[in-house]
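In what comes next, subunit A is part of two complexes: it sits with subunit B in the first one and with subunit C in the second one.
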Partner chain A sequence: MIRKILINISVITLAIIILALLQELFMPKYMSSIHEGNLVEEYYDEVKEHDVIFIGDCEVFSNVSPITLWENYGITSYIRGSAQQLIWQSYYLLEETLNYEKPKAVVFNVLSMKYNEPQKEAYNRLTLDGMKLSKSKISAVKASMMEDEQLITYLFPILRYHSRWNELSGEDFKYLFDKDKLSHNGYLMRIDVKPVNVIPKGRKLADYSFGDNSYDYLDKMTKLCKENDIELILIKSPSVYPYWYEEWDEQMVNYAKENNLTYINFLDEAEEIGIDYSKDTYDGGLHLNLSGAEKFTDYFGSILSNEFHLPDHREDARLKEIWDKKITFYYSMEEHQRSELEKYGYLKSYGAQAQEKEDER
Partner chain B sequence: MLFTSYRFIFLLIILFITYYLIPKKYQWILLLIVSYLFYSLAGIKSLVYIMATTVSTYIISWKLNVLQTRQTDYLKQHKQELSREERKSYKAMMKGKQRKWLVLCLLFNFGILAVLKYTNFTFDNINSVLDLLNTDRKLPVLGLVLPLGISFYTFQTMGYIIDVYREKYSYEKNIFRLALFVSFFPQLVQGPISRFDDLKETLFEKHPYIAENISFGLQRILWGFFKKLVVADRMLIAVNTIVRNPDEFQGIYVVLGIFFYAITLYADFTGGIDIAIGIAQVLGIRLKENFERPYFSKSTTEYWRRWHITLGTWFKDYMFYPISVSKSMLNLSKKCRAKFGDEVGKRIPVYIASIVVWFTTGIWHGAAWNFIVWGLLNCLVILVSQELTPLYTKFHERFHVGHTFWYRLFQVGRTFWLMGLIRILDCYRDVGTTFRMYGTIITKMNIGELFNGGFMKLGLMLSDYMVLMVSVILLLIVSLLQRKGSVRRQLARKPLMIRYATYFIIFLAILIFGAYGVGYDSGQFIYSQF
Partner chain C sequence: MNKMNYQLLKFLMLCMLFLLLTGCGKKEEKDDTAKNNTNVEEAADNNQKNEETDKETEAASDASVSDNEEQEVVGYPFEFGDVTIHMNTNAASVIEALGEPVEYFEAESCAFKGLDKIYYYNGFELSTYPMESEDFISSVNFLDDSVSTTEGIYLGSTLEEMLAAYGNDYTQEMGMYIYTLGETELNFLVEDGVITAITYLAIVEGLE
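And then the complex of A and B:
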């Protein structure tokens, strides 16, 4: 009898191990393209001591460089952003982050206010798959699911990715247990240049009001920050696309006033920041490249330092040691990107081609 | 709710645990609650129809019982006074009364089915006639929704009321028990169509926890999921590509479509039945088998004895025999014997009953001409086969081939393709298109095209074909093993590690190769739409 019980326990354990391994194997690794897929999970390996947490979509992970913020102002920061990160995903990521650390300020990029409903399963996955299992993750999944999605496929992603069995590549095996770090505290570096050719005009909309759902989560975010004595700063990051309407801006201005928050629209300050859209964007105005991100970060850093009095930690030996390593990695990646640009004419290992295809679509 | 949905699997797990934790006398009540919950999740409005069928059947079965008891009591009380003739006439009078109630029940319940399933089909045909007459008047298309499993539970319940009328068994006094018989959820989607006398004991008795039932039941469920998700739903992609693009896929593709659909339907339907029987077995309930390796049949008659067995026997017991031995049919037969001779005369009732049964079988499957033609073609093949039987026997005797392996293999192949040829009527959009595609098999010689990238045009990749090939070989091996008895029993005699490895490999195959989730359109079981 005992022998049978032991056999059963061993078999079940072995089965669970095999299933866990298979699950890891089938999960997309996002190492050779769509690096955004790794951003959320990289946070868990961090030393969680940040003055500022940036949350939002690509307008934060492409436009803000925490390394510049450290180098120029000694401010420690991390970006919890991913591709088309919806406001409720930002809220739950913030909620989760506050379980690990208490920053002095949270910066939220407000572009995602325009989405009142879940948009696309693929983008949900980029944000949510990387989250560790927690109450926040389950809430984020529930809030984000499209009609035909199932919660269980986020808890056991093999149910979602099993069909990758015929497209598994060497990358899936190579990064089965450990993945390379791709971001710099959530910042996804791109040094290439694709200038802005056309300045878009906003299409007329039937209704410019942000949806109730978006406002609900913005309210929740405001409340969460107030409860935790955190300064919430709302920003609209500089970009040419997607179009940011006056009417939207007005609503943000009013919201900030009503809730006693700071809202900064950096679109109006692009010139003062020094952004040159013929040089400072890698995709024709959607996102800033390294040069643009460093300019913007430096400008915003002075506001954070002077107006919000965030401390300078550059004299802190312990933090300096941590950040020195990050700086080394930052410049080595910049160097690597430069050599790739020279060699291939594009960023071969940084998803430049994938980005092109996405743009074409 | 789909058998293959996460929600259903979750519901099952909860049910299996609760079922063996509660006092055994309440097990059937739990099943009733779960069955109604399952049904309501498919559409709360549908509950009205299943409840109407249950209540009407209960009331009329009670009425039949009252009449039958009254007859028995009367005959007992007046045993001495009544002559044989008087007894006979009294019985006939009472039977007549019962018949009226029975007809009322049949009309009401088949009426619900007919209105919901056939109104639009009828209107559509009337509109076609009106078109021919150049009138502007048109009957509207009604937004009728067919409740889940209505064809199955209506037939099952009407079988019950006919049996009560025939006094095969007494009526069920407890309406809730009858409700469970009508709505027992594993068989609700696509059968098997159970008989009350087969099911009543196993359904209502107390079921202790028996490890073998759980193990065998779960294995059968697993096997059903394998057939459905790995084979049927994957192959259906290719079938749909072929049949939905008849102008593009002709000739050899039609042959391929016939072959693929044969496998798809088999895997889909038997997979669903495996899941239903497996669930029942975990609950300690025995459901009737619905298949007996039908593709090993050597003739169409044998095929129909082994495919969808419970529907076939239903039609045989409740339609074919009653028609063929009815008074009017016997009279007709008598007249025909006198006019055309014994040989023709004795065939007339069988022919008429066969045509009626196959017409009904066809239209039971769906309100479309495709299904009617499908049913009548089956009938034609069976009747012609019967007529040719003496010729076949002579041929077998003359050439001594009747029992050789290769000849039997030929017969199996012939039956498989003949049935497949007729079955593809399910798939094309209308009868005309189907026959046009039959024509292209002969007129369009494009075998080479198939091996020149043709397979890859059907929505499947090479890796999918590999999975299908291995899976179909596995299905074949299991079918061959079944001839020696239950495969699960054969497996149970193997060492523990081999058993566990087998279960786990099948589980992994479903998990990884199953055509479910994003990118697949894993849908309802094909038969649940009938």
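And then the complex of A and C:
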């Protein structure tokens, strides 16, 4: 009898293990392209002691360098950013983060206020697939799903990705159990330059008001921070595109005032920051390159340090040891990117290929 | 392994198969259209495109501009000189036919893998989105009153003129009148009875 039970348990365990392995195998690895697909997941391996948590879309994970924040101000930070991160995803990522650590400040980039509804499954996946299973993840999925999506495919991604069986490549096997680290505390580095030539003007809109759903989650975020005694700082990162309307800015100014929050539109301060849009962006103004990100971070760091009095931890030997390793990785990646630029004329391993090919046309 | 264990194993395998097939039956159908895509983003883009395409509008979404001459494209076209521009069709020959743009902007697409592009011409801007290494027309937006819709409406026309040209089959919100045909939206923003913005838009998930 015991033998039968043991065999049955073994069979079930084996089936579960095979299923779990297949799931891992079929899931996209985002190692050779679309690196931002790994950002959410990378956080879990981190030593979770950060004074500042950044949340938001590409305007944080491309524009803010936590290494610069550490080097210049001794501020520990992490970016929980992802591609087209919608505000409800930011909220639930923050809620999840607070289960691991309690930062002194949370910085939210407000561009996503313009999206009142879920936009696209592909972008949902880039943010949500990387989240560990938790109440926050389930809530985030429910808030994010498009009409034709199903919750179960986020809980068991094999149900979504099994059709990749005939697309599996060496990358899927190579990174089955362990992936390379690609970000610097959530920052995706790019050192190449593509200047701003044209800044598209915003089209006239019938209604400039942010939607109720967006405001609802901003309210929740504000409440969550206040309950946890965390300073919530709203920013508009200095990316010149997508267009940031005056009317939107005004709503954020008013919201911050009504809720006793700080809101800073860094687009207005780009000159003071020293951003040169002919040199400091890698894609014509959407995202800052390393040079631009370091300038912006240094400027913002002085505000965090002087106005929000975030502590300087550079004398803390334990933290210094942790961050020294990060600094080494940061500069080795910068060096690697420089050598790739020199060798190929573009960042072959860092997602720049498509753009370069287009440029050649 | 005894008979009972074999049955248990069979049952487990069947459960797995059932989950695989039912959990994404709809996706499976769609995924077949994107077999050669190597990431979820591309796959989802193409899936969406296929899913939302009905029999009539399939012609519109698949047609290249050269095809336009042979196939009837359902949607509002914009005509500029000799060039007829349909939303959601391949942009290459339209761009070629329109000649050198006054200005050009490109940026990594927020919704698709590749580059969003904006071509500025006298009187209007034409935007494209990437799909499977090609660009498709996502919108035409009027910049001044030197261009008009095929039905003769331009920036500065009145609400009455618009209604006379397009009728009453529209949706309206906050002064934006939206006419839908096939995979195309034609949007008129009306302020104080006068049209102040005109935009042709492709109806594609993820486009703003």
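Assume the second predicted complex is superposed on the first by the 352 of 361 C-alpha atoms of A that agree within 3 Å, B and C clash if a C-alpha of one lies under 4 Å from a C-alpha of the other, contacts with A are read in each partner's own complex, and residues count from 1 in each chain.
We adopt the following convention: contacts are C-beta pairs under 8 Å (C-beta built on N, C-alpha and C of every residue); 3 or more make two chains touch, one makes a residue touch a chain.
If you're wondering where the values come from, they're calculated on a predicted model, not measured in any experiment.
In the superposed model, A:11 makes contact with both subunit B and subunit C.
Of the two partners, subunit B and subunit C, it is C that touches more residues of subunit A. Once the two complexes are overlaid on the shared chain, A:341 sits clear of subunit B and of subunit C alike. Once the two complexes are overlaid on the shared chain, A:198 sits against subunit C while remaining clear of subunit B. Contacts of A:153 after superposition: both subunit B and subunit C are touched. After overlaying the two complexes on the shared chain, residue contacts for A:169 are found with subunit C alone; subunit B is out of touch.
Look at A:267: by the touch rule set out above, it reaches neither subunit B nor subunit C.
Subunit A residues 7, 11, 15, 19, 121, 150, 152-153, 158-160, 162-163, 166 lie at the interface with subunit B in one structure and with subunit C in the other. Note for the complex: subunit A touches subunit C at residues 4, 7-8, 11-12, 15, 19, 28, 30, 33-34, 37, 58, 83-84, 119-123, 125-126, 146, 148, 150, 152-153, 156, 158-163, 166-167, 169, 197-200, 203-207, 241-242, 283-287, 354-355, 358.
Against subunit B, in their complex, subunit A makes its touches with residues 7, 11, 15, 18-19, 22, 26, 121, 150, 152-153, 158-160, 162-163, 165-166.
Here subunit B touches subunit A in the complex through residues 6, 461, 463-464, 496, 500, 504, 508, 511-514, 516-520, going by the rule given at the top. Across the interface of their complex, subunit A is touched by residues 1-2, 4-5, 8-9, 12-13, 16, 19-20, 23-24, 26-28, 31-32, 35-41, 43-45, 48, 51, 103-108, 110-111, 113-115, 118, 120, 125, 141, 173-176, 189, 196-197, 199, 205-206, 208 of subunit C.
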